[in-house]
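Each of the two complexes below includes subunit A, the first together with subunit B, the second together with subunit C.
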Partner chain A sequence: MTVKEFAERLNLKVMIEGEMDREITGCYIGDLLSWVMGRAPEDSAWLTVMGNINSIAVATLADVSCIVLVENAALDENAAQKADIHGVTILQTPENSYQLAVKLHGLLEE
Partner chain B sequence: MSNAIHLHYDVSGEDFTRAGEASGAVKKTLRRLGYNNDAIRRVAISMYEAEINMVIHAEGGYCDVDIYPDRVEILLSDHGPGIPDVEKAMQEGFSTAPDNVRTLGFGAGMGLPNIKKYTDDMRIETTIGVGTNVYLTVTVNE
Partner chain C sequence: MRELSLNVMDVAQNSVRAQADLVRISVEESDREDFLRITIADDGCGMTEEQVQQVIDPFFTTRTTRKVGLGVPLFKLSAEQTGGSFDIRSQKGVGTTTTATYVKSHVDMTPLGDINSTVEILIRCNPGIDFVFTRSTDLGSFTLDTRELREVLEGVSLDTPDVLEWIRAYLTEQTQSIIGGADIP
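And then the complex of A and B:
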């Protein structure tokens, strides 16, 4: 499933449109950036409440497919700019990580 | 030892917005050179952690990166306060980062352990009040 399909099927708000054709093969949830960077698998959707500029660096370095800001967590202005430059897709949802992860799992199992 | 590509980056202190620029640039270079994803990821993660450490603790410093066909060697050097107890600093969860850093999602005490985990060799030279040199080697496995 691509990031684009993921966003469309789960009604996620596209805050920054990066590489929408990237494949999503899994999901990772976490807010401690060092923890996430060391453990998030490549090509996963990263669910977090951290919308700061360092999140973008972590997403880039760990090679996740996209960031999803859950529970409508905010995206900092400088983070938005950096995401745009680096082609990192940022999505947003009112749902919490658990709710979204369950739905994502369903889509990945199809 | 020949055929190395040498890269040098200054890391500015107290500037979280720029942390990751050096590791991001190295990542791009390695990708262009055709290194495998595993090696690229390990270099990028360990270098970023070390960069963040320099920003948090040492008011910046510099990185020297030497890219060889079979390995990447990285030196991160700063004139910060030094690490009083390296063994303790290597423990997962041990951190001396200030609270403002924690609100940004850092300071979990994962930096040095992550670096150790992702590199094949890691050496720390540190002197209190003088600074710290961290030497990293990532071997490229085909």
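And then the complex of A and C:
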């Protein structure tokens, strides 16, 4: 499933449109950036509440498919700019990480 | 980072890379005034204002193996997410001082962690560099100054096992004397 399909099917708000054709092969949840950077698998959807510039750097480093800001967590202005420059897709949802992860799991199992 | 002492290690290693002869590390905290402040000051090669801006930018790194560097940015974030502040002052040829101030009681406060081990490892791995470590709380303060140790040691290197053993015991004992209760790693 691509990032584009993921966003459409789960009705996620596209805050920054990066590489929408990237495949999503898994999911990672975490907010402690130093922890996430060494552990999030590449090509996963990363669910977090951290919408700052460092999150974009972590997403780049871990090479995740997209960031999903859960529980409508905010995206900082400078983070939005960097995400745009580096082609990192940022999605947003009112749901929490657990709710969204369960739905994502369902889609990945199809 | 899960512990602030890891941030201290990271920044102190930057000081080593900056060819510092003396690195001062201080951890000041007060429950009464609700703050914890970490300062790492070196007399290394220093940075221009432009370079300072670069090290706080996660998309800048001098490494060629990857395009982001998160050591300093995550240190900054850890302080700011408690409502504290972060500051780097540097002058080319003079040195660099990094200060992170935390609101200690904030729920997002990262634990200090095992700062004594950090100091001991820094001394062990860099026997040619001098370190001054100061820690203070509402109950008092202590300082470990490797320049003073060198005078007493008369040529014995700081990284010999007996010296390191003494440093470890000294730090443990002094820490206990200024930290009330069980807050010792």
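Keep this in mind: the second predicted complex is superposed on the first by the 110 of 110 C-alpha atoms of A that agree within 3 Å, B and C clash if a C-alpha of one lies under 4 Å from a C-alpha of the other, contacts with A are read in each partner's own complex, and residues count from 1 in each chain.
Please note the rule applied: a contact is a pair of C-beta atoms (placed from the backbone, for glycine too) under 8 Å apart; a residue touches a chain by one contact, two chains touch by 3 or more.
Treat the numbers as computed from the prediction; the structure is a model and nothing was measured.
*Asks:* Once subunit A from each complex is brought into register, does subunit C clash with subunit B or fit beside it?
*Replies:* Overlaying the two structures gives a clash between subunit B and subunit C.
*Asks:* More residues of subunit A are touched by which partner: subunit B or subunit C?
*Replies:* Of subunit B and subunit C, the partner in contact with more residues of subunit A is B.
*Asks:* One more residue to check, A:T2. First (subunit B), second (subunit C), both or neither?
*Replies:* Neither: A:T2 stays clear of subunit B and subunit C.
*Asks:* After the superposition on A, what does A:Q99 contact: first (subunit B), second (subunit C), both or neither?
*Replies:* So A:Q99 meets neither subunit B nor subunit C here.
*Asks:* Quick one: classify A:W35 as touching subunit B (first), subunit C (second), both or neither.
*Replies:* So A:W35 meets both subunit B and subunit C here.
*Asks:* Applying the document's definition of touch, where does A:L61 land relative to subunit B and subunit C: first, second, both, or neither?
*Replies:* Both partners, subunit B and subunit C.
*Asks:* Which parts of subunit A are in contact with subunit B and also with subunit C?
*Replies:* 32-35, 37, 52-54, 57-58, 60-61, 82, 86
*Asks:* Looking at the complex, which residues from subunit B come into contact with subunit A?
*Replies:* Going through subunit B, the ones touching subunit A are 16-17, 19-20, 23-24, 27, 37, 41, 44-45, 48-49, 52, 104-106, 108, 110-111, 114, 117-118.
*Asks:* List the residues on subunit C that touch subunit A in their complex, please.
*Replies:* 1-2, 57-59, 66-68, 70, 73-74, 77
*Asks:* Within their complex, state which residues of subunit A touch subunit C.
*Replies:* Against subunit C, the touching part of subunit A is residues 32-35, 37, 52-54, 56-58, 60-61, 82, 86.
*Asks:* Which of the residues in subunit A end up touching subunit B in this complex?
*Replies:* 31-35, 37-38, 42, 50, 52-55, 57-58, 60-63, 78, 82, 86
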